[in-house]
Structure formats: C-alpha cells, structure tokens
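My structure is below; once you've seen it, I'll send some questions.
Per-chain residue numbering starts at 1, and chain names A, B, C, D and E are given in the order in which the chains are listed.
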Amino acid sequence: MRRRLMTLGLVALAVAAWQGAASLESVDDLTLASPVEVVEAFGDDGGLLLDNAWVTLVEVLLGLALSVAAGLVAAVSMHLMGALRDAAYPLLIASQAVPVVVLAPIFVLAFGYGIGPKLAIVALICFFPVTVNLLDGLRSVDRDLLRLMRSMGASRLQTLWKVELPASLPFLFSGMRIAATVSVIGAVFGEWAGADEGLGRLVLLGLNQLQTPRVYAGIVLLAAMAVGLFALVSLAERLAVPWKGEQTT
Amino acid sequence: GEKEEPLGSAAPRPFELLLDYFPNADHAGIYAAQAKGRFEAVGLDVRIRQPSDPAAPIKQVAAGRVDLAISYEPEVLRARDEGLDVVAVGALVRVPLTSIISLPEAGISSPADLEGKTVGTAGIDYQSAYLQTILADAGVDPEGVTERNVGFSLSPALLTRKVDAVLGAFWNYEGTELRLRKRDPRIIRMEEAGVPPYNELVLVANKGSLEQKGDEIRRFIGALAAGTKDLERDPAEAIRGLLDANRDLDRKLQRAVVKTTLPFFLPPKGKPFGWQDPDEWEEFATWARENGIIKRLPTPGEAYTNELLPGEGL
Amino acid sequence: MQEGEIAFGDVRCAFGSVVALDGLTLEVRPREVVGVVGASGCGKSTLLELVAGLQQPDSGSVTAAGEAGAEGRLRACAYMPQRDLLLPWRDALGNAALALECGGLSRPEARRRAEPLFERFGLAEFERARPAALSGGMRQRVAFLRTLLPGRPVLLLDEPFAALDAITRHELQVWLRETLRAERRTVLLVTHDVEEALYLADRVVVLSPRPGRVVAEIPVALDRSGPRREVVTSPAFGALAQRALEALEG
Amino acid sequence: MRRRLMTLGLVALAVAAWQGAASLESVDDLTLASPVEVVEAFGDDGGLLLDNAWVTLVEVLLGLALSVAAGLVAAVSMHLMGALRDAAYPLLIASQAVPVVVLAPIFVLAFGYGIGPKLAIVALICFFPVTVNLLDGLRSVDRDLLRLMRSMGASRLQTLWKVELPASLPFLFSGMRIAATVSVIGAVFGEWAGADEGLGRLVLLGLNQLQTPRVYAGIVLLAAMAVGLFALVSLAERLAVPWKGEQTT
Amino acid sequence: MQEGEIAFGDVRCAFGSVVALDGLTLEVRPREVVGVVGASGCGKSTLLELVAGLQQPDSGSVTAAGEAGAEGRLRACAYMPQRDLLLPWRDALGNAALALECGGLSRPEARRRAEPLFERFGLAEFERARPAALSGGMRQRVAFLRTLLPGRPVLLLDEPFAALDAITRHELQVWLRETLRAERRTVLLVTHDVEEALYLADRVVVLSPRPGRVVAEIPVALDRSGPRREVVTSPAFGALAQRALEALEG
C-alpha cells in the first residue's frame, strides 16, 4: 500500500518534471510538447492516433514473434555447433551495425512494399538480444548437471531439452524483455523506410509539420505499447518459470 | 494538349512513381490527377511509392525498378556525373525551393546580415556550395560565417536557437509552416541571392528505357498536367486528392503551401507543363562544375529533355 | 563372463597440484557389492567418477563392464552423485523418472514406472512436490530412485543414505539388500558409515587419506540373513567394524 | 583444428554469398556493393575511412562507459527500492520507444553541439539491456543464499555486494554484450543528428552521393568495431567470472 | 538470566497442505546442548529455521534469547543449514570468513581469524580452493566453520557432520565437545546419528514423524569425560541409544 503510494508519487513527479521542462522559457514549445498539450492532441485526433497505433501494433507483434523464433533457432543451433557459433556470431553482431536506411532498399527488393520489409526490420533489431541471452543462458548451466545427464546416457538433444533449455529460461526471458521493448522503435524505423500508415510515419510527418503535440502523443502511444509488451513478457515468464525464486539445486 | 486521348478498353498498365519524400503539397497535382482518375484515363495504373531516404529515388529509377521518380536537379546532375543513365523529363516545381530561413531575433533580412552568424545545414555538399556562392555574392567573408551540420532537423535547430539561420529548408514548406506557427520567419531564396536558378523538383526517368517507356511517361505527364490544371482551377477541391489519400497531413498547412507554390507548378507563359529552361540547366550545370559538385560538364541536353512534355517532340 | 566387472590398474588421478588418487589398484567381481570407506577428501567420489566415465585417470587404466573407454563406462554404469542434483523445475516424480526418460521411455511411461516406488520410499504424496519443497532426506531418496530405476548392470552410489535418519536409513539398507539379492548387480557403495558398508557389502575396501590407495580389504563373510538389528549387534560384525575403523585410523 | 577449418569455411561461404547476391541481375550495384568493390573502396580512401572510424570509436567507447555506469546505477537502485522500480521501470521502457530524431534537438538544447548529444544517444540506447539483464540477475539469486545472509545478520548492502552482484555477473555481462553491439549503431544515429565527421556521417554522405562501395566500407568498419567490442566484453567476463562453468552451489 | 534460551509454545508450521510441525512444545535452557532426532521429513530443519527467525510459525510462539520477533531471533542465532550454501566465487577461506564479514570485520581481518582453524579441520592447503574444488565433506566443514566463527550465543546445527567419514566425524565431535565445554553456548543439534546426539547433547529430543511433535526427551546423564570410543561403547550409553531408537520407531 505505502509502496503503491510512493510509486504514484514518483510517477506524478516525473510528469511534473516534464511539464516543468516544457514550460521553460528557453524551450520552444515546438521543440518539446507539454503533457497538457499531449492530452489535448489526444482529444483533437485520438481517432487518427489509434488507427495508426493499430497498424504499428500489428507490425510489432508479428515482427516480435518472428524475432523470438529466429533468436531461438540461432542460439540453439550455435550452442549445438561450436564451429557455427564461431562463424555466425560475428555475422550476427555485424548485422546489428548496419543502419536501417542501408538495408531498407534491400528489404524492399526482397519483400516488395507492404508489411514485409517492416517485419524484417523489427525482427532484425529484436532477435539479437534474444540470441545473446539465450546463448549465454545455455552456456551457464551447472556443469555437474550436464555430467549427470551424460552419466544417464542422455543424448545431446535430451540434455538440451530436459536441462539446458529449462535452466536458461530466465536468460531467455530477459532477452525477450529487451526485444519486446525495442520492437516498437523497430517498427518506427520500418515505417520510416516507407509506409502509408502507422505511428512511426505519423510521428515523422508530425515532426515535418511541426505538429509537436501530435508527435509526443504518438510517442506516448509507442511507449505504452513498449510497456505493455514488456509486462506481457514478464507475465509469460511467471507462468513459464514457476520455480523461479524457489531454492535452486 | 492535355486533352485525354481515350485508350479503348485496354487494362491500365502498372506505373510505379517514387516520390522524393513523404507525400506533401508539392505532390498535390499528382494526387489530384490520381483522385480524378486521370491516370487510368490514359491507361496508367499509377502506384505512388515513398522512398526509404531522399537519395533512394534516383537510384531506384536508375536501376529501372520504378518507371518515374521525383528528385532534385542537382541530384540528377550528380547521378549523371556518377554514370547513372537518368534524365529529367519534366519540372514538377520549376524554381528553387531551398532557402535560408531565420527567425526575426537573428536579424537576417539579406545575405549581408549573415556576417558572423551560424548557419545550420543538412550536410549536403551542394547546399554548402550554395552558401559559399551566396556569401561571395554578398561580399561576406566566409571565415566569419560558421556552417553547422544539424542533420535532418533544420527547423528544430532554428527553434532551439542553436543556429541563427538554416539553409536547406524549403521556403514554400518550412517557411509557410513557421509563418502559420507565428514564428515570423525571414526567408532568403537561392535565386535571389546569387545561386543560378534551377528546378527544385524534377521528374526523372531511366534514359535507356525511354524507347519503350517514353509513351507511357508522356501520357503520365499529360495526365499530371491536367491534374495540375484542376489544382489551379479549384485548389480547395483538387487538393482533397492529397489530403484524403494521406489523412495524417496537416490540412491547413498543405493548403497554404499549395497556394504559395501553385505558380511554380505551372509552366511559364506559352510553355508546356513541366517545361525546363535549357539555359537555366546549362547555367546551373556550369555552376555545379565550378563548385566541384560534378567533375564533368554534361553536354547540352544530356541531363534533361522537354521532348516528353504535352505537345512537345511529337 | 566379464559383464559388470570393474578394474582399477595402478590409477593416478590429480587435480592440478592435488593428487586425489595414486597407485590405486582394485578389482570388483561381477555381481559383487563392494563398500568403499575412507577419510573425507581421500578420493572416493573421484573414484566413482572414474568408473562412471566422468573422469579420466592421469595414468593407469580403469575398466567397467569390460569397457575401458569413457563412453563405454558411461553406458554401463548408473551413478548417484553426492549432491542430489535434482532439477528444480521438475517435481519429485519427474526427477525420479529422468534417467528412464534418457533411456528412451516416454515421459508418462517413465513416471508410471517410478510411481510405485514412491510409497515404498516414504515419498507418497510428494510425487508432485518440487525439490524446493522437499526435505534434505527426501531429495536424497528421489536421487537414489533416479539412479536405481534404469537397472544398469553397475551401480555407483556416493553416500546414498548420508542425509537420512537412522530408521529410514536402516529400512532402505534392508530394502537394498533384498533387492540386490533378488537381482544381483555389481555395486560400488561409497559410505562414511562403516556399519552400513559391512551390512551391505560382500567386501569393504578402506582407502588411505589423500592420495587415496587401498590400505585394507575386508571380506565380509557373515550370515546376514537375520533381521538387521541382530546382524549388526553380532560379535563377529563388531569385530569386522573394529578392523575397519583401525584400518581407517591407519 | 577441424573446428577452425569449418569456421573459416563458413565465413568464406558467407562472403561468397554476399558476392553472389551483389552480382545478381536484379540487384544493382547502387543498392548493394560487392566485397570486391568494398576492398577497392578501402584501397581508394582507406585514410578517410580510418580517420572517421577513430572519431566514431571515441564516441562509442565513451557512450558505452556512460551507459554501463547508468545501467548499473539504475538496476541496483531499482533492485533496492521496490517503489522506485515500479515507478521508474515504465519510464525506462518508454525511453526506448522515443525516436532519436525527436530527442536529438532536446539533447542539442541540453548539451549544445559537439560530442555531448552523441554520447547521450549512445548511452540512451545502450543502458537499457544492461539495466534489464542486471536487474533480472539480481532477482534470480538463490533464495536460500539470501536467507543465509539474513541469518548471518548481513545488511542489505552487504547482501548486495557479497552475494547478489557476484551472482548476477553472468547476466550483467550478457547485457553488456548487447550494449557493446548496439553502441555502434547508436553512434551512427548520434552523428546523423548532426556531425562534421565520423563513420555515420560518412555512410550518410556516401548514400546521398551514390558512393555505395564507400557506404559498405564504412559499414564493414562499423561491424568490425561491434565485433571487437563484443569480444572485449567476453574477455572481460572470462577475467571477472573465473568460477563460471565450475559447479555451482 | 534469559540469554540463549529457546522456547517453542505449541507451535504449528505448515507449508500449504503439508503440516511440518504441529503442537510442538520445547524448552531449551541457557547453555544447554539439545540434540534433535526424528524421521526424515518430520520437520527438523523447519524447527531450526523457526528458531533462526527464517520461518514464522502459523500458530504458537517461538522465542530465542528472549526474543520473540523474527529479527531478534535472527540476531541471536548462528544457523548452519543442511545445504552447505557456499559461494562459488569465494575460496574456502573467504566462505568461512563470510559470517565474520557480515558481523562487521574487514575482509582481510575476517580471513585472518578464520585461517588458524583450517589446519584443525583438515582443510590446510585448501584455503584458496573454490567450493567446486572441494569434496563434499570439505564443503561441509567450511560451512561449519562459517557458522561457528561469529560466536553467536545460540548455535543451530542442521546435520553438521552428515557428509563426514566416521573418523573425521568423531574428531570433530570431540573437538566440538571440548569447545562447548570451554565456552558454553546454547545449541540445537539436528542429527540423524543417535550416537552423535547422545555423545554431544545434554538432552536428546525425539520428534514424531510429520507432523513433528516431541515424543520423547532423553536426558543424557552420563560421564562423557573419557575418550570417545569408551564413552560410546559403555553399556549405559548403549541403553540410552536403545531408548532413543525405540522412541524413533514409535
């Protein structure tokens, strides 16, 4: 209870700080919209914002699903094949250093216009944290457990399935939390690479039309999406890892 | 004549148009024509695409991946200089839109006032060259003027008062924008400050494919001319094409921009729609050559053609 | 026939500067139950890991069921390590069934086979409890079950009853004796309880303090058919225990 | 040995695939430069590339240091104060949903031009994985260890310092691996928000001036940076977590 | 004076449907050493955790050193859990010194204090070894040291010698006896070894199978000044052991 109150207090504080910063003399209100203006913006074109939010949410969810799948496959196969890890890991890392604008045309070339390139961009940005965390999780399993599995004549896949994967779920979920959070900005980039609708495009247009309140309203929606997805992953973890917090072997 | 020649019942041919940027008032004529079905009428199923970045259109058209792209005259010159076989087949906006914009407190009403000021640019080489030309023309010592690359955020840089002026924003767009926002912008246009006039926005085609695409492009421009006529006749009505297709545009702003830009969509007296002045092209190319934007001066008529304009080259 | 035989030939096993075993030579006949006692840290667990194929000797040879290679030894032996090493995400039944699953049984089938023994091992009602909800002794019994179920020819037990109270331990000792009499297996039983070793083993091997070597072999030629209480209180049994302790004290 | 060979083979395969894709009919060499062209680009203006690489490297290293520090502080303080976590976590997540272009002007306003805004942008992008992973690590410590510390009368800080932090180092390093990787693209964004030098600027210029090979040469350098930093973090982990891979309590 | 006193007043402690302790009433006088024996799973560890302040009773009262609150009990007791719970990143010496550090000593100072006992506990040369490099019994001895060093008034030991071979265990029993005679402390010693309980404790408490209640209290009024071997082989000792086992079998 007391904690709830403190929480609310802190949040209120943050909003107040925002309002304060926005009302500073030195800050042009076209540079930073105040919470009040944002609320007004929701009033003015809530419909437009929500329509576009829906478009972006779809991109985010599909892209995220794609990236988690890709991350799982990448991590597991690299874990099982040392040579593959040595060779592929640098490439995966490199893939994170390529600016989206350079890739966008290639993705368009590969997937045409439409949702394809956007999903590809979201997936590209999101799969990496999943891969890194899961791989690290798989590698940090108690060595004695692995030896026990060997002594029981477990096959490589049995060990993976019965011990390594369950043991690394906490790592996996940390990675998914990060992925869920950045997926939103991924969709924004995707839309900047060419889209007819979506929050990302709305924000970009808003910027170019100096509709600062609308820009920040869009960002608030994007943030809400990120927070929601993050919460969703945490919920999923509580369901998938009930033994967490209990004593470990 | 932009009189639409009926094409019988043949199904419209797909025709990919890649814009220079996200849809805005500069494209009002295109959307007007699209909305009125003028492209179908000439047997074209026009698909309007947006680029992933401002440099994309010219590459895509050079790669023959789109039928027509909207780009900038300097970019066309550069592309040819880099050996891309592209050609400007018509002017969408026949004057420079790039401008120097400042806020009143900076006290910049003429190029001479740039003395000792900081100017934000997008870091594009030919725009920096504009600045140098302008300073030279106004007899301002370049040393005394700081150019600062502010990336994409020209207006924000201005509004954060971190620069005194920005070069690269369009007078018809950002200029109008700031005016509507009561920021009372001061605007210096390139051609008024010593930069040779050029066509800011041009329709670019792949020269190699003109043989078989020429007719389609001609028809496209014809329909676009008609759309632009509609815009002139009844702007309030014709601009709906743009606004309805892009709900997220600021209607007030776009209307105002169309109003200020309309004269420059239209050709000079007695010239067909999309007319590009050969002398201006040569002059600008020369300037570009002198300022090291391009290494080789294109032969006259190499980078542009008016042949495909309504009533021309038939 | 060779099946189930274990042999150490002048084995040395060191961890860096720490020499766990040195000059260890030991033969275990098929179907023989050998108890191993020795000071803490003298290399008993290491010895079992060598047989199990989880360690390689630095010198000398180790064979199990006629297999000299680590892989072969792995296949022949069922190893119960000193730490229970239960999987925190599996319930007790799932943990007990683990080895069977690795042996190729389906999860439900493996659980079905493990279930009956829970009653017998005083774990009834805890089939669905996770390790975190089990007491130390319960966890050890689950680990013990996990080891027995696959029915491998060679059993390697590292202090299987160390965490059990006297009564439970005695019950399980009796149970194990009966089971082993019914279906003989070759067993290496590491224990710190001399009485336990003498009651269960055909022969008790005493290791020296580190580096571990065999310092005494005590054949247990006793009639142990009677009730446990009587067996362990018999004078002959006491005498053997005496010998073992003296050997331990060296 | 055999593994080394396989690794080399796979890498060669990847490069060959790149070359192949670049030589496809449908792929013009303005969209995708081939390895050969990239090598030539290095020959032509290697000096230019390296000078700019140095600038970017500095931004990356400073920004990364900043972000790790920030991530540590954020995670630890949120771990110690439940209310703070409830209140601040959503804000941190939200911070990841704000497009750089929107923040850039604000950062410029706050830090002026120069390296300030670039560091801020790198830090903003990199601190998040560090925070999430470390926080998850701190929360996944064996509960029995915490109870043992309580029974020994350990203070909250003693428990943190002697048990929770060491135990969550593997998580922390996973987060740092991700941070190190994305820091590079962070610097690129930073430079796009306005810079006179740096690889990001060079790449952008290359894009505008149709110098595709130079663009890809720049990206190769960026990727190399990412891989190098990643390797550095992994090395640091081996030094800091020598007990990893040993059996755990 | 109350210091060091432990009292259970009709305590019930359940985990969900599992009732670990019920109707448990027990008094421990200051400086008394009480051995606790009982079937595996009957609630011995739970009992210690209650005293240590790590568990709260569902009903009834628990006090230690006159403190009824969990925090107070925490301060009064030194608790050695059944799992050694050593920190894998600390060497043996660092683990032994942990409790002292928590008590406020600097790390080097704490290590300095812990060092001398390593020799005595047969851990010499392993000061710098990490838990992963220690044998089961070695780990347990390190955990035992960690518990003793801070010198808290109340000692709660959960099967402290379970992983030790007979000889080492006997040595440590003697050592503990001497130490406790020198500086008396209140001790609750959970063990599954009746002999150990009788040798070390002033009184042995026998718990019933779960839910645990006190079913027998056996005062140990013996002369245990002699050498251990003689003490445990004396007829009187045997008789007590007999009583305890019968109480256990119920």
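Everything below uses one rule, namely that a residue touches a chain if its C-beta (ideal position, glycine included) is under 8 Å from a C-beta of that chain, and two chains touch if they have at least 3 such contacts.
Source: prediction; values computed, not measured.
By the document's definition of touch, common neighbours of chain B and chain C comprise A.
Centre-to-centre spacing of chain C and chain E amounts to 27 Å, using the average Cα coordinate of each chain. Averaging C-alpha coordinates per chain places the centre of chain D 50 Å away from that of chain E.
Averaging C-alpha coordinates per chain places the centre of chain A 15 Å away from that of chain D.
Rounded to whole angstrom, the centroid-to-centroid distance between chain C and chain D, based on C-alpha atoms, equals 50 Å. Residue positions 31, 101, 105, 109, 142, 144, 204, 207, 246-248 of chain D are each in touch with at least two other chains. Among all residues of chain C, those that touch two or more other chains are 83, 133. Looking at chain B, residues 53, 59, 65, 153, 156, 159-160 sit in touch with two or more other chains. Here, these are the chain pairs in contact: A-B, A-C, A-D, B-D, C-E, D-E. Per the touch definition, chain D reaches chain A in the complex via residues 3-4, 6-11, 14, 26-27, 31-32, 82-84, 86-88, 90-91, 93-94, 96-99, 101-102, 105-106, 109, 128-129, 132-133, 136-137, 139-140, 142-144, 170-171, 173-175, 177-178, 181-182, 184-185, 188, 200, 203-204, 207, 215-216, 219, 222-227, 230, 244-248.
The touching residues of chain B, counted against chain D in their complex, run 53-55, 58-59, 62-63, 65, 78-79, 82, 84, 120, 123-125, 148-153, 156-157, 159-160, 162. Note for the complex: chain B touches chain A at residues 22, 24, 49-53, 56, 59-60, 65, 153, 155-156, 159-161, 177-178, 181, 183, 246-250, 253. Interface residues of chain A, counted against chain B in their complex, comprise 26, 28, 30-31, 48, 52, 101, 104-105, 108-109, 113, 192-197, 201-202, 204-211.
Every residue of chain A that touches chain C in the complex is listed here, in rising order: 142, 144-145, 147-155, 158, 162-163, 166-167, 241, 243, 246-249.
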